[in-house]
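Below, each structure is written out as structure tokens.
Below, chain A partners chain B and then partners chain C, in two separate complexes.
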Partner chain A sequence: MRHLRLVAQGLALPLLLVGAWWWVSADSTSPYFPPLREIVAEFADTWLFTGIRDVLLPTLGTFLAGYSIAIVAGVVLGVALAANDAVAGFLAPLLEFLRALPPIALVPAFISVLGLGEEMRISAVVFASIWPVLLNTIDGVRGVDVVIRDSVTVFRVPRAQRLLFVTLPGASPQIVAGVRVGLALSLIAVIVTEMVTSADGVGAFSRSAQLSFDLPAMWTAIILMGFVGYTLNLLFDRLEKRTLRWHLRMREPAS
Partner chain B sequence: MALTQPHRGRAAEHGAALVSVAVRRIGLLVLALAGWELLARILDSRAVPAVAPAFDALVSTVPSGPFWAALGGTLQSWGLGMLLAAGIGLPLGLLIGSSPLAMRATRGVVEFLRTVPAIMLVPLAVLLFGATVEMKVVLITLSAVWPLLVHAAYGIGHVDAVARDSMRAFRLRRRDRVVFLYLPSALPLVATGLRVAATVALLISIGAEIVTSAPGIGYEIALGQANNAAPRSFVYVLLSGLLGVGINLGFGALERRVLFWHASQRARSTA
Partner chain C sequence: MASAHARTGVVTAEAAKRAAPDVDAHVHVDRLHHVFGRGAAARTVLGSVDFTVARGEHVSVVGPSGSGKTTVLRCVAGLLTPTSGQVRLDGAPVAGPPESLAVVFQDYSRSLLPWLTVRSNVALPLRGKGIPAPHRRERAAEALAAVGLKDSLHQYPWQLSGGMQQRVAIARALAYRPEVLLMDEPFASVDAQTRSDLEDLVLRLKRVYAMTVIAVTHDIDEAVYLSDRVVVLSGHPAEVVESVPIDLGADRDQLTTKSDPRFARLRARVLRAVRH
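What follows is the complex of A and B.
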């Protein structure tokens, strides 16, 4: 019963808002805000399922490729740098600068150097999302409990085991936080590169809808990316809860 | 004398540390420039200028009107967007956060809306407003409002239970409870939300300028690349990076200043 009430509370507002949108826009003649009815019909037409296959999948492919490269490279480089305090301290200002640089600012240069192809888009995604992962990994590895670190050294735990069972798990809360920031940045980078190069993908779709003044199509692309972003975040939450269960339990007050 | 001895020693030590930091910073700068030069030579592309032409472009661009106009264009939309986002997001977040029911009811909607990549709205905003400052302000507001709202809501929701119950037991007035307990408890997360929102706002501002040619730093970056004036384009890339660093440092300092009493900051200052 209690469960049912919670679900009802969670669903009430979304349903109300969608209903209000449907009702208010029903007789809309404004070209910018077409009736929701039209948008839904267009959504089914465009995206189910040829659009998802031909337009969304390339976008997701670029995103996944760039994002996973950034995660692996960021963690590996981060662990390597954190092992060497002097080098990490020396490079810190440069890394902070690269993180603060809006990654989109280099997209035009990426295009000029790498062309309009897939390599360019993947590189732009990697560049957008590697810095938070790298910097958080350094912070996380350095933040591993000193007592634990010293005990491991005293007991002469082999390097590989130390990395696998002490360093990485100890740093994982920070790493996961950096990876989460990278998720949003990667999505933005994919879409911007697609918009600018107008090759394929959701960004290019939405850009060409703008140029041909096809507003319902544009709305469907926005809604689609809303679902995509939401789903990716949900998956991320799941993964985070699973990998960091021990950490979350430690933080939660006993209840 | 005995008392001043260690003091002077510490001052000298402090001075030496400063010198060593300066030496390392300069060393890093030299190394970074060398790396840049090397990269430019390897790529040998008109898109990536070597250090010398970039420096020439820097000298000729910075005193010029367009440079300051571009900086102003980006900063103006960034500032207006941040103001609007804070004006909407913070009160709404505090209201939502103070009621568990409102938290549960709005959660789905907020989670959905904040994951829509704001850059997807660029084509719609361009058709509605053209490539103007208004367009950028709307986009920035729509992207910066979510971190502010969410952080404010979580901040006010996580009030220390003992403090809350004691205040209630002592029958403190509602207004006092809000001013002395709820708002200060929300402050750490609000400060974090501000920092996140400020970064997102800069990213969206420059992204929108690159995609739509609205006036600002992003437009100059894209224009320089398109006109084979890569050195000038890189001056603006550097500017955007410095702006990002400035925003990080500025909001980080604000966070520490507002929160000198908070545990996270105390821990940091002793570490």
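What follows is the complex of A and C.
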């Protein structure tokens, strides 16, 4: 019962907004803001289901490849750097600079070095999302309580187990936060690189729809990416709740 | 025949040489000297701290707060290399955490891993000992039962009270089956009732698990009540001012022992040494 009410509450505003959009745009003659009715019809035509297969899947493929490389490389490098004060201190300004650099600014450089292919797009996604993962991993590993570190040292917990049961879980709240920031950055990077390389993918699709004045099609691509981003965030929430259950519950007030 | 005699002779001489400094010392804290920081910021915390602990003995180290008790324990645990001097375990110098030495840390609640259940916390140190998983779990459960926590195996440390967390830290040390147990102000931050319960728990456990114990405390009653000997540390820089044998026998309890006139005398003697 309570659950149903929460769902209803959560849906109220989106439904209201969609309703308003539908009503306001119903008689629209502006080519830039076609009636929502038209967009919905177009959406079904375009995306169900050939569009999903031919256009969305390549986008998701690039995203997944780049994002997972960024996560694995970011965590591995982060753990290695956190273990070495001298190297980490030496690299810190460079890493902060690279993180601050808007990743999109580098896309022209990526294109001139790697061309217009999939490699370039994946590299751009990696570059966009690796920094928050890497820097948060370093912080997280460093932040593991010194008393915990002393304990596992005294009890001679072997290296591999120390990494698996102590360092990584201890750093996981920070790592997950970095990975979440990386999710948004990865999606931006994949769409932008698709737009400028006119390959397959949702970014390329929406850009070419815009160039050929097929604005309903352009809007469907935007809506689709909204759904994709929203779904990925939901999945991420669930994953976070599972892996960080101890962390979330620890911070709840005792019952 | 002659060669056999010669060999025996050599062995005996070597054994004698090894045992020479202090025949039955299990732990020898040998002229420990430590300076924190360098240059203008240098602070000599340990002057020359020197004492021995026999196998199976329970020694309490008392001294004012900030006098360097934790620093001494960290040297014994191999977590800190002293500026000079050394700690020897069975005659062998300590360099890094020794095998079969366990510590109950002063910040016990921070020493437990919040992402592991109580049982996994207790079992984690056994991973380095090559014990198979079912045995690790069994041993952990056994140690937790010994400290009265057999119903909390699957809880997380942060779901427990301070006193219970302290028992988990003790269980973790016991499951490790150490020859030497170090405790740093183990009962400093629990309420009075929990504290005397935990003191009696330690007395009981000592009978079951034969261990050499070095416990740091600033509570003189507790030191006298629990130990075979109390080592009094002075501060700034730390030196041993007195080593008081506590001849109260092995059977002690809160009521009779603490009202024993000998207890009062020993307590007064330690107190005078602390204030000297």
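By our rule, the second predicted complex is superposed on the first by the 250 of 255 C-alpha atoms of A that agree within 3 Å, B and C clash if a C-alpha of one lies under 4 Å from a C-alpha of the other, contacts with A are read in each partner's own complex, and residues count from 1 in each chain.
We adopt the following convention: a residue touches a chain if its C-beta (ideal position, glycine included) is under 8 Å from a C-beta of that chain, and two chains touch if they have at least 3 such contacts.
Keep in mind it's a predicted model, so treat the numbers as computed, not measured.
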{"item": "Fit or clash - chain C, chain B, common chain A", "value": "fit"}
{"item": "Touching partner for A:Phe155 - first (chain B), second (chain C), both, neither", "value": "second"}
{"item": "First, second, both or neither for A:Val196, with chain B first and chain C second", "value": "first"}
{"item": "Partner chain in contact with A:Ser112 - chain B first, chain C second, else both or neither", "value": "first"}
{"item": "Chain B versus chain C, judged by how many residues of chain A each one touches", "value": "B"}
{"item": "First (chain B), second (chain C), both or neither touched by A:Ile104", "value": "first"}
{"item": "Smallest distance from any CA atom of chain C to any CA atom of chain B, in Å, after fitting", "value": "5"}
{"item": "Footprint of chain B on chain A - complex, ascending", "value": "6, 9-14, 17, 32, 89-91, 93-94, 96-109, 111-113, 184-185, 187-188, 191-192, 195-196, 202-203, 206-207, 209-210, 213, 215, 218-219, 221-222, 225-226, 229-230, 232-233"}
{"item": "Partner chain C, residues of chain A touching it in the complex", "value": "145, 147-148, 150-158, 161, 165-166, 169-170, 172, 246-247, 249-250, 254"}
{"item": "Touching residues (chain side chain C, partner chain A) in the complex", "value": "77-79, 97, 99, 101-103, 105, 107, 110-116, 124-125, 127-128, 156, 158-159, 172, 176"}
{"item": "In the complex, chain B residues that touch chain A", "value": "24-25, 27-28, 32, 43, 45-48, 101, 104-109, 111-113, 115-124, 126-128, 199, 202-203, 206-207, 210-211, 217-218, 221-222, 224-226, 230, 233-234, 236-237, 240-241, 244-245, 247-248"}
